[in-house]
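Next come the structures, one after another.
The same chain A turns up in both complexes below, where it pairs with chain B and then with chain C.
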Partner chain A sequence: MIIFENVSKFILNSVSIHVPQGETVGLIGASGAGKTTFLKLACGLLKPSNGRIYTMGLKPALEQKELCRGLGVLFADIPVLQKEDTVVGNFELLRSIYQINKDRFDQDYHELSDRLGFVLLSDRPVRDLSLGQRRRVEIGAALIHRPGLLLLDEPTAGLDENAKQAFYELIRERRREGLTTILTSHDMEEISKLCSRIALLDQGKHLYYGTEEQIKKRFTPMDTMQLEVEGRLPDLEDLPLVRYTVDENRLSLSYDSNCVTAAEIVKLVVQQTVIKKMKIRKPELADVIVRLKTNDKAENLSVDHEERE
Partner chain B sequence: MFLKPYFAFAKKSFLGRSAYRFDHFMSILNTCLQIFIFWGIYQALYGGRSEVDGITMTMVSTSFILSMGLKAVFYVDDYFLPSKVWDGSIANEFLRPVSFRGRMLAENIGNAIFNVIFHFLPALLISVLLIGICPPESAGMTVCFLFSTILGYGVLWTISFAVQAAAFWAINIWSLATLKDVLINIFSGTMIPLWFMPEWIYEALKITPFPYIYFTPVQIYLGQLSYTEIAQQCMLQLIWILLIYLLGTLLFKKGQKKLVVQGG
Partner chain C sequence: MKSDTLHMMLVYTKTIMKAWFQYRSNALLSSLTVFLREATGIVVIYFTLLKFGTLGGWNIYEMLFLFSLLFLTYGIMIIFFTGLRDFGKTVRDGGFDRFILRPRGLLFQLIFTNADWFAAVGHGGLGIALFLISAGRVGIQWNAVNILYYLFTVMGGVLIQGAIFLLLAALNIYLLETNSLKELFYWNMRKFAGYPISIFHKAIQVCMIYVVPFAFVNYFPAQYLLRKPDMAQYPQLYLYITPIVGIVMYLAAYGFWKYSLKFYKSSGN
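This part shows the complex of A and B:
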């Protein structure tokens, strides 16, 4: 559905990604990592300085008009709706622009407005809507022509929890019908809930593209295990643990899940003692970003230090 | 049907105008006032004479009543494209499966149709009843007048389009739009019929697009041009439309490229 081959533009540097049809891909990375630039390149709003892009088999910057019939977009910094017009007036205009069949339009408008919660706002001018209300309408507007590809930049910014859940449900349903979605978000829980694949960008470089599990293993492999034991404390010196602290009968272990598994640790512990309580914490997706930022700061600090010397 | 979205744009702008009734009545009043002021000025300048240099007072009245009426019809929003460039929504327009220039034209035509029905015709009726104008020269000339009027609108629209396209490089096009309005007001024959211009200015103006906006249709209405001259004038109107449209498109494409390459 989308192919990036060694694409460079602004901060993006030689990014190569292939997004197959029907996937929901979360673009993550710290602010300024190049996420919005990626989306703008994918829809042709920007032209790559280097490399090649194919979106739905077309070159987006050159064949934008052919491309946009099957494309739904929502950018944080680009107004979508006519402020002076009513909500339903905006949708009627979209119906004409995309030449949507009246019955199908009525059915989809009813469904989207009901599920995203803007059914009571239909006759209100867009300028009178709050940020969250406008966002719901904008999401509906991006979906009304049933695009095959959806590019969303921070789609849930300003949405309340109900609207977020409705949005997730809609995207999941449309995915089953073949919709491909690429979205950016700083809400890692959202990415976890919604995305089948994750692309991690760091300062314009494409660090990783794959499943959530794999990304966590690669960038934050450190799991932690809290154990409360009955009887003597186990001897775990043979295990490649990163950190090991003891507080009375409680143990706190940090370990690299690429080197040792939780099962191996537990097996060794139960051979020596009885486990009363056990808690394992796997890293969250947010830890990836935090870790990348920390590494970044550390690198910058060491560079500063070297420069001063 | 590929024209369907453009009909929708025109309809939307037509209906949008009808929502502002007070604004609409004030516009009729404004046009009528302008016509009466000019009529008063020309009455004073004529000082009771029936004609000056072969131009009768009725011809002058007809000229400014038609010009000002058409000016009310020919309103083009010079800030349509600039406002979209400045708030960033132009990017969204590029992602629609319709031509943005087509949309601009359709919305302006919707406006113009509204103005013809609810602005031009009432103002014309009031002016005809109170001041009086020359009747059309013939049915044939009336058809030619209508055709030339549409082309005149085309000339005005393309000038506005080219000015608006400058917004890709400017943070404000007010000065450019004002300069354009001043040039059109003075050199298109709206305020001063071009018969009263010095000969050299009149000749010089013929190589500019301005007389082809209002003055050519008015001349046709008054029967001052033969059918051959009408054909020539209409051809010149078409040439100006093409030339200025090409210039505007060049600027628009360059501006679009600037957005795509530089990101803003």
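This part shows the complex of A and C:
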């Protein structure tokens, strides 16, 4: 659905990625990593300095008009709606622009306005809507022409929990019908809930594309296990633990999940003592971003230091 | 014209009318403000000419007729070309990116999504008022030929000014900001266009005929209908070619616009 071959533009540096149809991809990375640039390249708003891009089999910057028919987009800095017009007036205009059949339009408008919760706002001018209300309408506007590809930049910013859930449901449903979605978000929980694949950008470099589990294993493999035991403390010398602290009958273990599993640790412990309580903390997706940021800072500090020398 | 295009034009127009005339008293006052602002300049000239009689051989009513063409063509032009006049703002607001992301012609969307109706009513209303005051007092025979000439020449004047806005919008793609250019090449030149160009220095005349050809918007058309002696210093052909100048300028500006779009860079990066 989207192919980037060694694409460079602004901060993006030789990015290659292939997103198949039907995937919901979360584009993550710290602020300024190049996420919005990636989306703008994919829809043809920007042209690559180097490399090739194919979106839905088309060259986005050259075949814009054709591409737009099957594309739904939402960017923070691009207004979707005419502020002066009512919500329903805006959708009427979209019907005309995308040449949507009247019956299908009526059916879809009814469904989207109902599910995203803007059915009562239909006759209100867009300029009178709150940020959250406007965002709900904008999501509906991005979906009304049943696009095959959705590019969403921070789509749930300003949405309340109900609207977020409705949005997640819609995306999941449309995915089953073949919709491909690429979305950026700083809400890692949202990415976890919604996305089948994750693309990680760090300072313009495409570091990884895969499932959430794979990405966490690769970038933050360190799991933590806290144990409270009854009786003698176990001997864990043979395990490849990274960190091991003891406080009375409580143990805190950090280990690389690529080298040793929680099951292996527990098995060894129960052979020697009784476990009263156990808590395992697996890294969150947000930890990946934090870790990358920390690494970047460390790299920058090291460069500064070398330059001074 | 395809029915969906027509439908889109109707929807856009409905939206614009709703937006501009939502508050009727405000709309009336805004239009009146534009009308009075522009009329003030005319009143000053009127009283000046009452004292001096003529300006370069043009009497007060001939001058008003000259002005009427300028205001009327602007009033019509701005209904279609507000989007181009305000193109810089549209780009900065991200509105142009929205147009790019829709499967419709960019110029079509720019033209039909905005219309400054206050300016249209203010300028157009003043143009009509000046025409009504002057047309019967300048000795024009309003026969079929002259009426047709007048209609075509107004269309040409609209296209000439539209072409200037289109050209400036295209330049905006390279320069990002063209307000100073617009001030210099449109608004300042337009101030000269209220007077017979023959009263100005040769350099300004050349500018008004060949650089920013406002002379074809009102001076030469008025000359065709009035036949003033100062026309002797210009080729007679100029009396007839306003619609052609308009079409050629517009096509040239459109070509430049299409070419310039290749260099457009999205905002926000």
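FYI, the second predicted complex is superposed on the first by the 309 of 309 C-alpha atoms of A that agree within 3 Å, B and C clash if a C-alpha of one lies under 4 Å from a C-alpha of the other, contacts with A are read in each partner's own complex, and residues count from 1 in each chain.
Convention: contacts are C-beta pairs under 8 Å (C-beta built on N, C-alpha and C of every residue); 3 or more make two chains touch, one makes a residue touch a chain.
Being a predicted model, the structure only gives us computed values, none of them experimental.
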item: Fit or clash between chain C and chain B when superposed on chain A; value: clash
item: Which of chain B and chain C A:Tyr168 touches, first, second, both or neither; value: neither
item: Partner chain(s) touched by A:Tyr208 [first = chain B, second = chain C, both, neither]; value: neither
item: Footprint overlap on chain A, comparing chain B with chain C; value: 10, 37, 40, 43-46, 64-65, 68-69, 71, 73, 75, 77-80, 84-85, 89, 92-93, 96-99
item: Chain A contact footprint on chain C (complex, rising order); value: 4, 7-8, 11-12, 14-16, 18-19, 22, 93-95, 97-98, 100-104, 113, 265-269
item: Touching residues (chain side chain A, partner chain C) in the complex; value: 10, 36-37, 40, 43-46, 64-66, 68-69, 71, 73, 75, 77-80, 82, 84-85, 89, 92-93, 96-99
item: Footprint of chain A on chain B - complex, ascending; value: 1, 4-5, 7-9, 12, 16, 87-89, 91-92, 94-98, 259-261, 263
item: Partner chain B, residues of chain A touching it in the complex; value: 10, 37, 40, 43-47, 61, 64-65, 68-69, 71, 73, 75, 77-80, 84-85, 89, 92-93, 96-99
